[in-house]
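The first chain written gets the first letter, and so on, giving A, B and C; residue counts start at 1 in each chain.
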Amino acid sequence: MIDKALPDSCDLAVIGAGPSGMAAAATAAALGLSTVLLDEQPAPGGQIYRGITETAAATRAALGADYRRGEALVEALVASKTKYSPGSSVFDVSPSGEIAFLAGGRTHLLAAKRILAATGGQERPFPIEGWTLPGVMTAGAAQTLLKQADLVPSGRVVLAGSGPLLWLLAAQILRAGGTISTILDTTPKANWRAALPHLPRFLASPYAAKGLALLARVRLSVKVVSGVTFLRASGGERLREVTYRCGSAEVTVAADALLLHQGVVPSLHMPDTLGCRILWNGEQRAFQPEADEWGATSVAHAAIAGDGAGIGGARSAARRGRLAAWDAAHRLGRIDRAERDRLASDDLAALQRDLAARRFLDVLYEPAAAFRAPTGDTIVCRCEEVRASKIEAAIAQGILGPNQLKFFMRCGMGPCQGRLCGLSVTEMFAQARGVSPAEIGHYRLRTPIKPVTVAEMASLPFGEHADKAVVRL
Amino acid sequence: MTSDYDIAVIGGGLVGTAIAYGLAKAGQRVALLDEDDRARRASVANFSLIWVQTKGLGMPEYADWSRGAADLWPQFRDEIAALTEIDLAFTRPGGFHLCLSDAEVEARSSHLSRINAQPGMTPLPYEILGHNAVREMLPDIGPEVVGASYCPLDGQCNSMRLFWGLHTAFYRSGGHYRSRHRVQSLAARDGGFIATTESGAISAGKVVIAAGNDSRRLGAMVGIDAQVRPQRGQVLVTERMKPFLHYPTITVRQADEGSVMLGDAIEEGDTSLAVGTDVLAKMADRARRMFPGLANVNVVRTWAAQRVMTRDGCPIYDESRSHPGAFVANCHSGVTLAPRHALTLAPLIAGSHVAAELPAFGTERFDVSTVY
Amino acid sequence: MFRRFTDREQSNVTILVDGRPIVAKATDSVAAAMFAAGIAACRTTAVEDRPRGPYCMMGVCFDCLAVVDGIGSRQGCMTRVRDGMVVETQKGRREIGR
């Protein structure tokens, strides 16, 4: 399945080998589309099934049954005729759909009739004072270390934030024999009331029983502090202490690791590069590409599947991957519309049901305003080390929005290209001006999607047009 | 009828903001009308050069204007720092144009000698240097650098902080910044002007059109033929590096905060803002041949943008003959000329002396019926 | 900060981190190998020169940058270890030529 000699053109290029990408590639290849799957990681699985082809038995046991669902997706991918290229980092897509990527230290170009971005999401930025200290990392990062390297947090471990992943990670750490000192739950208490109307649909879904059991198990063995309204990490050269506020009490605890999480948001870099229209999803408080149930976007040749199209979780991601593949086969003339609809009917119905059930989680776990829009000395842009106070002053001076801020302060201009500050900055503008983030907008993203070296950039083909544009004679 | 403002400046880019600051400083009530956060804007895509050595072929007055701008920069830097605490990182060590072939050296040499041969030209000091002489000043150049032109008058600044500094200086001088005020139409009324914008009408006694490539549309509404066209450029930017390049070159420049810009490209007739990997590759290839130590450095950002280009490449500054009080200011050198725009041009606009004092930069030079 | 809770059937490799030999699993990323060895910081930052360590472990935060085999700004979480690999803490901004 790993094909060293990649073609320079194909029917469908799938970017990302998580659940949606794997499902899409296998489905499309089975319908006879020449399919290329490009993925940045060395092995398939994406973030959710990270390391699935390599994990030790004990690690699988700790990760739980849901993780093993990734095995079937990998098997289907391996059995398919997909040309799978791991270690392939896409850094640009031209308006005409030519994909530029790095693999094996070389640049490659791939012309695809259709592109499916299955590029997933990332954890929502969680800017608190001290979040840049070594020893502070995302819950997802700790989970990756568990999956990929059998590493379990040790010493005084503090988990803080809100959302299903935080509790899942807690359970996994405990199953792997790790210990957790404290879980600091930042879920705003007022969210319960807003979430209540959505509770019945959630309770009817398969997530509910599993989730509640998991919560109960964690709460039995770990001290949980609810209603946390303030967090600070401190320690000089590395994390030593975590301070939190709960009610009027401020408490400081010693910590070796602080694992932060407040939800997952779609990754925007690929859809923005593809030229897809980006919308604000108020229910999930995040930007996402405009896409229909087939993943079709505002760009004719580009589609989005998986969490990149709006957070839905791993099972929905696989369904969206298959839907996008059937739609691609239809648009490329392999199957007619009726056949597409027939193939898709079960997944479509299940997808609607699952997304409706998730609504409860979106409302319950919407982070508090204070954790979305940092203030004062807190670093907002980790790359350029831009502090909230500077941004607040610029906003007060009346500057236009995130893009002007980027230019004026270099905020979001570093190697991460605003991935770790984009949402925070938008939220800061929105809160200061009392408007929706939809009115504020987001950073304009720039090629390359991932950094490439000067030499790698120089190895792309150029000809007379470029000579004429660049050489002064 | 009383106007909302003495002067409305249309265009919140480097040119408009510099003029608006200069006017506010002169005691005018100024509105700076800008678009929104996603506006196409040439000012966010420049190379931060304060550049003298190529300016003025065909118009010696432009060479003098640029040179004078560079001379004004220290005073201007100090003024902005005093008002805003923002450091514009101005340096003027002289600048290089590096050449990778004998033909490129020949082209440079011929271009510079043609500039200096013009009647009325104050000769530019410059040298054509061979590889070894260049390497003494730029120790990291590669063996493929054949030579360079060097002009001691050239300099550089941090153009992002220049833009921020001008914006802040305007704000602190009491100017009124109006975002989401894209001007839809412009008309004379009651001895002043009414600008109809997406966010309502603004009236002003005078109006300055500094709207870049949108200036032609607006100028036509007040009898000014601002003949500008978009000319595409592309640039790559690296991660921050420790200082290694202490002189600006026209295609590779290290900013004070460490990132290295690799440029530049000139493309006519392409109005898109999407980068082209062929042009990026060519620029990257030349940059690594000029500085081989850049080969493994990461490019973290690229952009394409549209310069504001006049037919002869020189600025347009003029006042409408049919609608006195309406001015236009357009150029592609908003960084180099920032002190000129704030300190020289703004007072001329306030006193309505632009056409009289800067006749060479008028729009009539493009008028086919004009006989020189 | 982290410990291995099981021993997977993967060969061990040795890498040098700032001159100190570290035994890692062949499937480890550089960042994971460093965590396993108790090293939480891999660089100092480009602006304030403060210590910084891996944050996201999925290739988006660019905090895990280190000098790998003489080349700066490699993403430690995206780079697999190799026997004999030489890893160095990255001090501040990138240097020309490395």
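One rule holds in what follows: a contact is a pair of C-beta atoms (placed from the backbone, for glycine too) under 8 Å apart; a residue touches a chain by one contact, two chains touch by 3 or more.
Remember, predicted model here, so these are calculated numbers, not experimental data.
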(request) Tally the contacting C-beta pairs at the B-C interface and at the A-B interface, and name the larger one. (result) A-B
(request) Averaging the CA atoms per chain, pick out the one whose centre lands closest to the mean of every protein CA shown. (result) A
(request) Return the distance between the CA-based centres of subunit A and subunit C, expressed in whole Å. (result) 23
(request) List the centre-to-centre spacing of subunit B and subunit C in whole Å, with centres computed as mean CA coordinates. (result) 43
(request) Return the distance between the CA-based centres of subunit A and subunit B, expressed in whole Å. (result) 39
(message) Quick check: what residues of subunit A touch more than one other chain, meaning two or more?
(response) 414-415, 451
(request) Pull out every residue in subunit B that's touching 2 or more other chains. (result) 238-240, 257, 294, 296-298
(request) For subunit C, jot down the residues that touch at least 2 other chains. (result) 46-47, 73
(request) Over in the complex, which subunit A residues touch subunit C? Could you list them? (result) 40-42, 47, 51, 54-59, 62, 122-123, 132-138, 140-142, 144-145, 148-155, 176-178, 237-239, 256-257, 267, 382-385, 414-416, 419-420, 450-451
(request) Please give the residue numbers of subunit C that touch subunit A in the complex, ascending. (result) 1-10, 25, 27-29, 32-33, 35-36, 40-41, 45-48, 50-63, 65, 73, 77-78, 80
(message) Going by the contact rule set out above, which residues of subunit B touch subunit C in the complex?
(response) 140, 238-242, 244, 257-258, 291-294, 296-298
(request) Would you mind writing out the residues of subunit C in touch with subunit B in their complex? (result) 46-47, 71-73, 92-98
(request) Mind listing the subunit A positions that touch subunit B in their complex? (result) 92, 94-95, 98, 100, 109, 397-404, 407-410, 413-415, 417, 440-441, 444, 446-448, 451-455, 457-463, 465-467, 469-473
